[in-house]
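The chains carry the letters A, B, C, D, E and F, assigned in the order they are written, with residues numbered from 1 in each.
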Amino acid sequence: MAALTISRRELTQRTAFSLLVLATAIVTVPVLFIIIYIVVNGAGALSWEFLTQAPSQAGKAGGIFPAIVGTFYLMLGTIIFSLPVGVLAGIYLTEYARANWLTRLINMAILNLAGVPSIVYGLFGLGLFVLAMKFGMSLLAASLTLACQALAMTITTSREAVIAVPREYREGSLAIGTTKWQTIRHVILPQALPGVITGAILAMSRAAGETAPILVVGAAFILPGLPTSPFDQFMALPYHLYTAAAHVPGMSKVTIWGIALVLLVVVLSFNSLAVFIRIRVRQRRFGS
Amino acid sequence: MEIRTTFRKRLHDIQQELMAMGGMVEKAISLSIEALKERDLKLAHQIIADDRKINEKRFEIEETCIQLIATQQPMAGDLRTLISVMSVITELERIGDHAEGIAKIVIMIGDEPPLKPLIDIPRMADKTIDMLHRCLESFMNCDEKMARSIAAEDDEVDDLYDQVYRELVSYMVEDPKTITRATRLLWVAHNLERCADRVTNICERVVFTVTGKMYETNVSKY
Amino acid sequence: MEIRTTFRKRLHDIQQELMAMGGMVEKAISLSIEALKERDLKLAHQIIADDRKINEKRFEIEETCIQLIATQQPMAGDLRTLISVMSVITELERIGDHAEGIAKIVIMIGDEPPLKPLIDIPRMADKTIDMLHRCLESFMNCDEKMARSIAAEDDEVDDLYDQVYRELVSYMVEDPKTITRATRLLWVAHNLERCADRVTNICERVVFTVTGKMYETNVSKY
Amino acid sequence: MAIASAGLSKSLRRRWRFSEKLIESFILLNGLLAIIVLLGVLFLLLREGLPAFAYTSPWQFFFGTRWYPVSEPPTFGILSFFMATLWVTLIATAIAVPLGVGCAAYLAEVAPASVRETVKPIVELLAGIPSIVMGLIGLLLLSPLVQGLFNLNTGLCGLTAAIMLAMMSLPIIVTVSEDALRAVPKEFREASYALGATQWETVWHVCLPGALSGIAAAIMLGVGRAIGETMTVLMVAGGALAVPYAPTQPMMPMTAAIASGIGNAVRGGPQYQALFAIALLLFLMTFAVNLVADRVLERQKRKFAR
Amino acid sequence: MNMNHALLNNRAAHNNETKLKTEQVSLFYGTFQALRNISLDIREKAITAIIGPSGCGKSSFLRLFNRMNDLIIGARVDGRVVIDDTNIYDRDIDVVELRKRVGMVFQKPNPFPMSVLENVAFGPRRHGKKNRHELEGIVERSLRQAALWDEVKDKLGQSALALSGGQQQRLCIARVLAVEPEVILMDEPCSALDPIATLRIEDLMRSLSSDYTIVIVTHNMQQAARVSDMAAFLMMEKDRAGILVEYGPTSQIFTNPQDKRTEDYITGRFG
Amino acid sequence: MNMNHALLNNRAAHNNETKLKTEQVSLFYGTFQALRNISLDIREKAITAIIGPSGCGKSSFLRLFNRMNDLIIGARVDGRVVIDDTNIYDRDIDVVELRKRVGMVFQKPNPFPMSVLENVAFGPRRHGKKNRHELEGIVERSLRQAALWDEVKDKLGQSALALSGGQQQRLCIARVLAVEPEVILMDEPCSALDPIATLRIEDLMRSLSSDYTIVIVTHNMQQAARVSDMAAFLMMEKDRAGILVEYGPTSQIFTNPQDKRTEDYITGRFG
């Protein structure tokens, strides 16, 4: 009797675990397939020329150099506009904010900023930066738009990084007679820095991949040269890819996959960097 | 809700054992006087044999107290109680020794004719036993006032002793032949007087247990 | 690295105080015999007065021991040491009382002519003081063997006492006029004999402190 | 001593620390920026979007099935967009939740360390793939597959989009759920084993219930992602303007409608305003989802706290 | 001492049979040896305390008895661990069944985030008891045994996490009792509790010791002294492997330990 | 007792001056009153222990003295808290300056994740000491005072987190000593440590007590008994506000408390 019960429980367990393994396989196998597929099919397009030349013949020939540069400019612009605000707001929320309606409101705002669809940011950027502030369809307008979108992320990651600094450190520092800012500056920020940086890199990587907002606020499909000022129009990899794939008839598949591969490499290398930093920090904190 | 029930139970057990030991000692004194009155050598030997048990009981209780202190970390009143128990059993054991001493004297006297009818010595013994009994009761009940009043009664025993002493010396002076016998009775009385002194020591411990203060009663005269 | 330094220091202090008390008691015995020999009433009064100090010292040490037990939770050997200290000071205090007793007898004797030259009684006293001194040393050094051998020496004191007793009884029988005086000397000898008994009790405590076992030496004869 | 204390009492008096105050107010300003941006978004959407209702009644707008921005007068009915978003989101969620939670449970509770160390980076990889690339995959690889499998006229339909969206919301669901499962203290597992429960019983009766709040939040976040996703649905869903009755039909979710329309809309014109009105609706929908998710989390948290 | 101790008898030694036994047990975590050649007989229906300095392997030793170490990858056991007459490290031992017989209470109170009732019913449910009436009976009995019934009988449906720390720990004990174990292992069960709650748990342990064999690990020497009948002192050797230094009745270990190292540890001379 | 206690004198009472003082202090968290009318004089260069049941307000009381409660929103203090002759709750008191004079050590050792040296130098640096040589002198002095120098002198550059728990706590004490406080507050400084490390910290506290005024909160009654010169017993009233029940020399509190409630708590009769 007892033996029978055990074996039934054992059976349930085996069945359940098999289903879990199956789910995991369904999640992971397509990802590997996609990556490998893009690498295999896109590698053919890669060449020195492809990476360093401007496009010609509506993108069917030439390279994607301006798009690569444009994407890096966008990443830079995004981080310049969103990181300082993100960090300071994160500090405000954890160190200064009192539990009152204002704080609740700010937190709710952040929560919702993170959930606003990217296309809505696009419209916001269009309405505010392009039209109202008259920046036009420009690198600056796009950067600001992406920065607004990234804000939720930089604030949240900074806030989490600052919160993760144990309360004991704060108390330990204040209790030996330091001011609040000294405590933040010398104890909390150094501790939170890796987390902040990780968040920033992820935000940049996200910005590199965004299409919908820049589609609205000003990316160009083909430009002969690089932007020379923030008020110039610009090319960007995702938008270039979109147009090439959806709007240029007769585009060669290899070129499309080639653009996709370059975009993927940019985005994923930044992601890996963030992961790498996170692991290093974890080791330093718990190791030695 | 009461907690530390185990400790409390063991403390209570110790107090019970202390009372049992007190009973043994009271009995030893009263039997020793009985033996003296009746010239009962067998009884005297019995008392001597029983004193071993009193000694053993004393060490048993003491060991338990030490174990309780080591393992239960009593504090404040509980600790004072345990310390007092250890002190009280020492006193009881000594009182037991005095009873044994009397029994030994009984054996020395053997079947010599009595020097005189025994009156004051049994009275001393009764008084001492009574004091001891009530004193232990006051310990159980943490009755500080009672303990103080019992300690004061020691004077009565001392007076009785003085009386016995004077009487016996006059016997000896009148008839030197009685000297040995008289000296022996004197020993008996002395033993009883010491017993009563020890009872007052126990009383002091009662006061200490309750108040945490050691108060010294009158110091013994001899 | 030694830890609990505070506790260890305080334990050490207590042992020092115990030795100091031992010194006071030794001095009290030796002075009381001095007073007896010299018929020095002033000295006798001084001894009685000093006994208060011994008593106070005893309570002071005891209180410190209790505080140490309550606040420092000593265990094993440390606890046994503290328990033993409390027991030893009780014995010392009683020995002090015996010295006081002798001093009181000296006062009773006053300037009566000496019954006989004092020989055995001073020998008893010297022996007792010597035993006490070495015994406390053995306590300090946790020297169990030494303690056992000292306890065995109690028989010598008992023998001396028997000798004194027989001698004094023969005096009394020969000359009833000496009875009072002889009885008094007998008290003195008896006090000394009790002192030696108490030294053996201390020896038992030394053995207990070291081994954790209570060993009973020979039981007193009187 | 007295002298020392006199000195002390003097030195304890407060000093004015100007820089401290300055920094403090600057930091507060940055904190407020989050609200400013959010309110800015809302304000702009309202300003540009509300005028649309001058041309078309709200009833017509929300329940009208016809979207003719350039006819005279233009009609703006968004029901088909809305239904498309609904279809796509529901199906994506239905696919992603069991897979995601199952995968998370496997990673957190069952998988040996070596498997976990390889699977986790793969999931993170998936999170990193830009939506445009996923759109490309749907467009070029998945849609022919779906077309063949269901024997459709075109593979560019709601179902294809939903499958891609499911993939895209999986990383969020997996990572957040796994974190939630890991947050269940080791002590609970040990207690369960020590009572003689099997590992599966421990996962099912102790770990999953314990992580329920986190898993619910994960699902909500996944839903939010699916609703707001633009490029993938723009490229894959088919772009048909009719109200979809089956997931296998081509359709145009709201985000796609905005993205495809905004390029041609005259700035400040009726279509421009109508698109802003859709954006406003999207904004409010995601706002609602997020608020609900937050409330759920809060209530779950409070349920087990004192 | 060779006297008969009436006073002591009412405490220990109701029963002198051996319930658990380790025979020359060594425990390895990978290549690191955490325990070396430990042989110990644990008495039935008595409380045995394991004491020793931090990291000497007390917890590891305790977890031998319900094979909790199995959960740690790379842990290996040499020697025999015997319950009644069975070596629990035999191949064909059912660990789930073993853990029913050998319950465990942990350092931090860890009631499941469910209702009080569900917590206690958890074990019986897993072992196939479904009848609601029967379960309720078990729950009441276990809570009574754990001296918690009166405090929670009106809030059986409320979350267990709303209880105080001490109540939570008693609930965890009730939860173990509900599966009717023979042995209860406790790993520093009071170290997260305040003094009063601690004394309560100690009282509970003593009352349970008449029916269960209890093994407790504690950092708190005073607690080991207060609560146990037998005590074992573990120590680390040079290579940090735990060895058994002394094992005996608690009263002896704390008043008159036989080993110099035990004495040094107990009197705080260690270091 | 009215005897002269030579034995006791070497422990307490080097100094009978009052260093800290609360006068009719009440503390509120919002509308909840955590402390009610507490008046207490804390002796200079002695160790004062605060004991009492869980939640009676011991930590809150301790944190009055360096205004750590200021960090809690809604906390309000009535009455006066005086250090030397200054009410530290006066309007114009500089909290930062106050906390330099009144150092604090916490329950969990909390060294900053920096090197040992940087940890100790942290305070002096913030207060404007930049000279490397001078800082090194301060670090060595503080570490010596905290009885840690010998153990860490060869690894001043290593991360403080690599130290053992007991060493970390002594490091935290050194960190406080480096800013030359007059008072050191300790909130259950040993509750996260093992018994040996605990005894070490206790030894350290005693050696510091000749130069500093120390106030310690502890759950561990035995520890309070072992380490302090004076002890205060707090308790909750019906409404859960903490009140002072008894305050006196430690030896008296633990052998002969004057208040029945203290006696009940100390002997474990409470509940």
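One rule holds for everything that comes next: contacts are C-beta pairs under 8 Å (C-beta built on N, C-alpha and C of every residue); 3 or more make two chains touch, one makes a residue touch a chain.
On a predicted model such as this, the values are computed, not experimentally measured, just so you know.
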item	value
Both-way neighbours, i.e. chains that touch chain E and touch chain C	B, F
Fitting chain B to chain C on CA atoms, where both chains share a sequence, rotation angle to nearest 5 degrees	180
Pair of chains with maximal C-beta contact number	A-D
Same-site or different-site touching of chain E by its copy chain F, using the half cut	same
Chain centre separation (chain D, chain F; CA means) in Å	50
Separation of chain E from chain F, taking each centre as the mean of its C-alpha atoms, in whole Å	35
Chain A-chain B separation of Cα centroids, rounded to whole Å	92
Residues of chain A whose C-beta touches two or more other chains	9, 179
Chain C, residues touching no fewer than two other chains	3-4, 7, 59, 63, 66, 70, 73, 75-76, 79-80, 214
Multi-partner residues of chain D (at least 2 other chains)	198, 201
Contact footprint of chain F on chain E as seen in their complex	53-54, 194-197, 199-200, 219-222, 268, 270-271
Residues of chain F touching chain B in the complex	1, 221-222, 225, 254-257, 262-263, 266-271
Contact set on chain D toward chain E in their complex	113, 185, 187-188, 190-198, 201, 205-206, 209-210, 303-306
Contact set on chain B toward chain E in their complex	3-7, 10, 13-14, 17, 56, 59-61, 63-64, 66-67, 70-73
Partner chain D, residues of chain F touching it in the complex	17, 83-86, 88, 92-94, 96-98, 101
